[in-house]
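Read through the structures below before going on.
Two complexes come next, and they have one chain in common, chain A, joined by chain B in the first and chain C in the second.
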Partner chain A sequence: MNEPAKTWSVPDSLIGKRIPKMDAPDKASGRTRYIQDLEIPGALHGKILRSTRVHARILSIDTSAAKALAGVHAVITAADVPWQRPIGVGRDHLPLKADRVLSLRDEIAAVAADSEAIAEAALKLIRVVYEPLPVLATTIAASAPGAPRLHPDRPDNVAMTFDYAQGDLAQGEAESDVVVEDVFRLHYVTHCCMGVSGVIAEFDPSGNLLLYSNTQVPFLHKREFAELLGIDPGRIRIIQPPIGGGFGSKLDIYPFEPIAIFLAGITKRPVKLVFTREEEFIASPTRQPVLLKLRSGCRKDGTLTFRDVETVHDNGAYTSWGATTPFVMMQTISSLYRVPHCKYRTVAVYTNNPYAGSFRGYGNLQATFAVEAHMDKLAEAVGMDGLAFRLKNAQHPGEVTPQGMHFKSCGLKECLTTAAQRSDFLRKQAENRSRWNDPDPVKRGIGMASMLHVGGGAKIYPSDGCGTILKIDDFAHVTLITGASEIGQGSETVLAQLVCEELGLPMTAVTVVNNDTDITPWDVGVHASRTTFIAGNSAIGAARKAKRKILEAAAAKTGNRIDELGLAGGFITASSGEKLFELAKFLRSLHFSDKADLVMTSFYYEPPSRHQDKQFKGDVSAAYAWATQVCEIELDTETGIVRLLKVTGAHDVGRVLNRLGIEGQIEGGIVMGQGYALTEDLRVEAGVIRNPNFRDYKLVTAPEIPEMDISFIETMDGEGPQGAKGVGEAPAICIAAAVANAIHNATGTRITALPFAPENVYRALHGASEPPVWNAA
Partner chain B sequence: MLRAGDVTVLAGGTDLMPQTQAGRLRFRPVLMNVRRVPELKGIAEDNGVVRIGALVTITELLDSALVRERLNLLWQACDHFASDQIRNAATIGGNLCNASPAGDTLVPLLALEARVVLAAKPNGTLQIRRVPLAQFLLGPGRSCRGLTELLAAVEVPLPGAGFVGEFYKHGTRPGLDISTISIAAGARRDGAVLRDVRIAFGAVAPTVIRAPRAEAALEGHRADAATLEAAVQAALAEIHPISDVRASDWYRRELIHNMLKRVLTHVCKL
Partner chain C sequence: MSANCDIAFTLNGVKRELSVPAGMSALAMLRERLGLTGTKYGCGEGECGACTILVDGMSVNSCLLFAADCDGRDVVTIEGVVQSEAGERLRSAFVASGAVQCGFCTPGLMVQASHLIEQHPGADEAAIRRGIEGNLCRCTGYRKIVDAIASAAKPDPGQTPFSEGQP
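And now, the complex of A and B:
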């Protein structure tokens, strides 16, 4: 029988092409089965009773009425799991609270029932008696002498401290002709993933645990759950259904996950626990709120001399990743521009507020907001324009910063000049300024900010690696099994693309398997803009092994050297381009020989990066991403409304792999940055979230999205997959800083507190605001 | 069904559903869907009065040439209303019966001196009463509609020829927002002098309100900067805004001050 003819339509190279996301048709047509859609036979529905008090002693919990409700299978409290252990980054958090609640989200009891409605009805029947305790609503209150301890082992309520220094601050100050100082206040926002948090837990009769989970870090979680349950991590399997966004929120372990596991263990049934939207607002993490004092100096010629930073992090009731954002903040302080002398100090203080987790940008939005305000301020003080001032202090390729970061490739200067030219920055800046005193209440402003972020992984854990298994069947179909999780960012598409590029196959020839810890190789998780870089290098490694194997076999047949052969368009080709064998046919012929060993494994193990030492010095990433964004705004001085009209961005992305994917990342990141700057504001008052809903928590809507002009600066990073760097977080980082500078350009008023919501801006313009003051205890 | 009185009326459900979901409201034993009652639909003019059926949706108001041309103040308010999806479901009757001080159609309707038509059938015969909007609204979420009454329609007398109005809504974003404050203002110019001055506000008092003293400061006067300022000052004495999660009372006052001036400047073509 003749083989069916195959039609390959493979262009020369896939790199830089616009490739639709592989999961897009399913998502657009509603076929994707998220965790909400998974119906496990026999599953019960879990619900959590949360505290109604911000800070209180639990005197008693009466679950008898709830237990008696028909359809209820279990009602548990801390008393039912005396062996539970503290969880989370700080290991300071019991899943079910025993005698005290420290914040409004605190978990007191949980129910497993036949339906969500029954579970909810049961929650209403649980009676909790509290004895109120004084609420520590601010870091000042929590630091006051005699303030109640929130955690017994922390007499001063300090959760964490960070101290970093380089050079000699006194010398830096002495050499300065200009010194400026400001206090900045960064507010609470939250991720608002369309896919809320959720988990399904199920034990098999031998006690093996299966979790369907929206986590971003399946392999690390295996270990944490194992510790919690006192079982071998090998007995835990995590399957990730398609995840509706992560943005960092699913990077830590949270009480609802152990609680679902407890319920599954006790009822011996699968238990599904998925948040409501209100719960997602109340009980998923926030971005780290920060109070930051910055002192900076420069010489008359515009050379930066020093930076001195102190921050207070409101840690909330428990410690998650938010407390550790200084790792990233100090990189921006010390190394976004060349500054010889730096000091950085953070104190994270426990309060009764919600606690912060990791969130796209990881402290960098906060640090960049402060640093870029001072870049403008110093430039003005020495009579330079903001562009020239930044260029004078910008990093360049080859630089090793005092913090130990090595910028093997660095496109900051190109980013600055490109964004400035394309936005006509200097001309517009001067024109806007000249209109300060004209009678039109509606002003225009333009502002610039740059950023530095890890773009080649981040050595946060002992390893930053990712494994790949790649198999090719005898129809030349590739299955790429990768440790890297897809959370909507498009990683599976770009990984498939990198493999196709090596093997000369079309995108349709690849299936990606990436969501089952029993199948996929180890990976450290989706975070730190690392997946394309790390998992991409790993996938390329496996594809190259396969390619070599195929070409070796072909060379044996044709007598060529393997470097005279290639893979293109589904064929094994000669250097002349002549098609020698159809790849699928060739693989089938191999199949009937002893050479059909087409399962490859590869680890990108490790990227050439170094863990920071005790002084926070180290080259933590194999590559660094850069960007400059220019924001143009319109500001109505009679209402305080700021409209973001246009963003001109220039991004050092190493190289564009999937153009459609990178545009999506950058556009989405800009909108997230816009929300942070202008509209999003999680209002926490005395520990209570006042607006846990989309009516009063304002996400940016379609008509508000600005015009965007994005340029890619391709610095072809030597270590990057096909030269690329990570860009997942970069686009969200500069917007608030650039908008702040634009507001100053429009009005002459510098606002140092976020968000730029209408009333806040109006108050600042009319002298009716309370600018942030430094009140660290 | 209504006669028994223990009924929740369902129109578009865009207030009802979120309110019950949030636990702020409980359905009564009977949920009565009125969406297919033909008598509650339609927009028609008769003898200088436009009758808008309670079930008319915001989208239908926007699509109506009569509303756009003759009740433009109401049309503008609809143009600031929620999003397309909500506009397709939300009815004018629901907006009125919900009686929110921030209800967007209520502000122009008040300025246009509309009255609501309430219908009941206590003993088999239809009883109709007409109530001016200002008397219909009693407080946040409260109206004088009896438990056994249905809002059948709202009647709006056509403003005189040459009447120009402007609606302003302040929210933090262009769509999908509840008014922080809203203003409906209109007048007719008789040479240099203003006539038929109407000013109404949303979200600055327990109900939407008219501003009679501000109107009086303009009525029969020449439209100049000093008169406008006097009207704005009069208006500030008539509002009682509160502080809530959306805005402080101070900011609401500032907005009324600045934006009433801006709206009046446009209306008076200063």
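And now, the complex of A and C:
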């Protein structure tokens, strides 16, 4: 049979092009099956009974009526799973609460039934008798002497503390000509993934567990579920269906997952458990609310001298990743700008509130909000403009900060100047100020903020690596098997693109397999903006091995040296560009020969970053990302309404790999930052969430988005895949800080508490509210 | 349990007859009874637009519509929208413009956009933004969704929607 030669026209390089996401056609057709869409034959539907009290002792639970309902297969409480173990980052809560509830989301019982409606009806038949306990609604109440202990082993209700110091604070203060101090209050927000949480659990007759899960960290969860069930992790397989948004919310184990597993184990049927939107608001994690006191100083010439920071985090009832965000906050405090003397103390306090998890930016929005307010305030105090002041204190490439972070590539100065120039920052800033006293109640403001974030992984686990398996079949089709999960951010596409770049193939020649722990090699998970950097380097490593193998075999045939050969457009080519072999045919000939072989390679990439020491000194990431964002607002002083008109951003991303993808990450991050600054506010009163719905929890909608002008600063990081650095979290980080500075530029009033909702802004402008005060115990 | 209603309607151009519980939403009917899972549950309260469908040419949140009220109507879901030429153009535009990230909001937005373009063929940017006000997206920041709808609303006959590697 005479096959037509398989040739492709492939552009010289795919890097920096606008490559559409590989999964977009299916998603835009409604064909993609998310966890909510999966129907497993014979599956039961699980539902959870949550506490109706914020803090109470459970005196009794009566499940008899629920058990008697037709169509109910199991009703379980803690008594049915006496062997359950504490879960989560702090290992401080049982999936099903035994004798006490500590927050309104607490899981008391669960039902597996033939339908969701029956499961819901059964929940209503469960009778729980509570004895109320005093509610610790604030960190102050929880820290007061004599406050009840929420966890027996924590006499002071402290969940976690971090202490960091560099230099000599007293010396820094003595050297200062200007010192400023403020207290900042950062509010509750939550992820609002459009796809609600869900899980499907199923055991086979030998006791092997198959879990369909939306987790962002499948391999870590395998281990944790194994620990929980007391089985070998090898008997757990996690499949990740496409996920309706992550943003950090799926980084920890939450009780609903073990509960679905318990129900599946007890009923011996697959169990599907999916949240309602209200449940998602109540029982998924939040961004951590923080009270932050910042004292900073500088010399007359604008050189920063010191920073002294104390924070109190409302940890909520249990410890998830939110408690560890100070780890990232301290990097911004010590190293976003050059500051010789720093002290940072933080405490996360248990309360009866919803508990805080990880959320895109991981504490950095809060730290940047405070630090960037003081950059403006200090600049003004010494009579410098905010741009010159920041440039004077900006980090340089090659710098090793007192905390030990090594900025091998650093485009902060270019970010600052680019964003300032493109937004005409200095001129507009002066013009807006000159209008403070004119009669028009509608003011304009412009403000800037910069950020530093890990951009080359983050060594917080023993490994920060990612594995790749790559095979090229008889038809020159590549299967890229990667440990890195796709959570909507586009990693699948960028990894395929990096592989195509090495192998001279078009995007259509690659299939990516990334969602099954029985197939994919190890990866630490989607977090810390690490996937493009870590999984990208891993994919390139595997592709280069494959390329070498092919070219060695070709060289043996032609007598060329392998550096005289290349791969392009589906051919093995000579340096002249002459096509020597059609790749597919050549690959077939490899295994139909006497030295039969396949082209299949694997690669494991572990970044060259190190663990920090006990004092938090050291370099956690192989590269760091930088950005400056300038926000322009319009503020109506008669209503307090702030409109975000324009964001001018300059991002040091190392190098642009997929322009379409990176723009999407940045635009989405900006609008998420806009929500944090202006509209989103999870109202928690005495432990009760008052607005668990999209009517009262206001996400930004299309008519409200700002004009966005985004520039990329390509610093070509030496460690990055094709020079790229991570970008996933960066764009959300500066917006609230820049808007705060813009409000000051518009009105002369500095507001130190979020969000800038009309009522809060109006009150602040008209002297009807007090700034937050430092009242941590 | 509630009484059932017998209904007959057109679904994506095909006649259907069905018996549904009186309290069932059109969303539940589509997803659970008819296996059309392109229509998504995002809130169940008419606040997110993930469940948008067309009923007699009007865009409707199917979570708020009783299944029984589909009786006698012409219902089109995302699965039907992408079968039309306009829907195909819209899908290409969403893909090429980068309007899809996690994709959970996308079917609802596709349906809403097809409605918008049909009602206002020359919709400008402001009209497009207002037209998708009821559809929440947590990933994209809407910019590329608006671009996609604008480009599908004004197809440039000289250009294919996208070619791979186009700068």
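The rule is short, and it goes like this: the second predicted complex is superposed on the first by the 762 of 777 C-alpha atoms of A that agree within 3 Å, B and C clash if a C-alpha of one lies under 4 Å from a C-alpha of the other, contacts with A are read in each partner's own complex, and residues count from 1 in each chain.
By definition in this document, contacts are C-beta pairs under 8 Å (C-beta built on N, C-alpha and C of every residue); 3 or more make two chains touch, one makes a residue touch a chain.
Everything numeric here is computed off the predicted structure, so don't read it as measured data.
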Between chain B and chain C, whom does A:Gly322 touch in the aligned arrangement: first, second, both, or neither?
neither
With both complexes overlaid on chain A, does A:Ala757 touch chain B (first), chain C (second), both or neither?
first
In the superposition, chain B vs chain C on chain A residues touched
C
Between chain B (first) and chain C (second), which does A:Gly664 come into contact with in this model arrangement: first, second, both, or neither?
second
Thinking of the overlay built on chain A, is A:Lys698 touched by chain B (first), by chain C (second), by both, or by neither?
first
Applying the touch criterion given at the start, work out whether A:Gly245 contacts chain B, chain C, both or neither, answering first, second, both or neither.
second
By the touch definition at the top of the document, which applies to A:Thr639: first (chain B), second (chain C), both, or neither?
first
Look at A:Pro607 in the shared chain and tell me whether it touches chain B only, chain C only, both, or neither; answer first, second, both or neither.
neither
For A:Gln489, select first, second, both or neither according to whether it touches chain B, chain C, the two together, or no partner.
second
Just which bits of chain A does chain B share with chain C as contact spots?
695, 700-701, 703
Once bound in the complex, which stretches of chain A touch chain C?
10-11, 14, 16-21, 23-34, 36-37, 191-196, 242-247, 276-277, 487-490, 506-508, 660-661, 663-664, 667-672, 693-695, 699-703, 705, 708
Contacting residues of chain C [partner chain A, same complex]
31, 36-45, 47-48, 50, 77-79, 82, 90-91, 94-107, 110, 126, 128-130, 132-146, 162, 164-167
Name, in rising order, each residue of chain A that touches chain B in their complex.
441, 638-639, 641, 679, 683, 690-691, 695-696, 698, 700-701, 703-704, 757-759, 762-763, 766, 768
How about chain B: which of its residues touch chain A in the complex?
18, 83, 170, 172-178, 180, 245-248, 250-251, 254-255, 258-259, 262
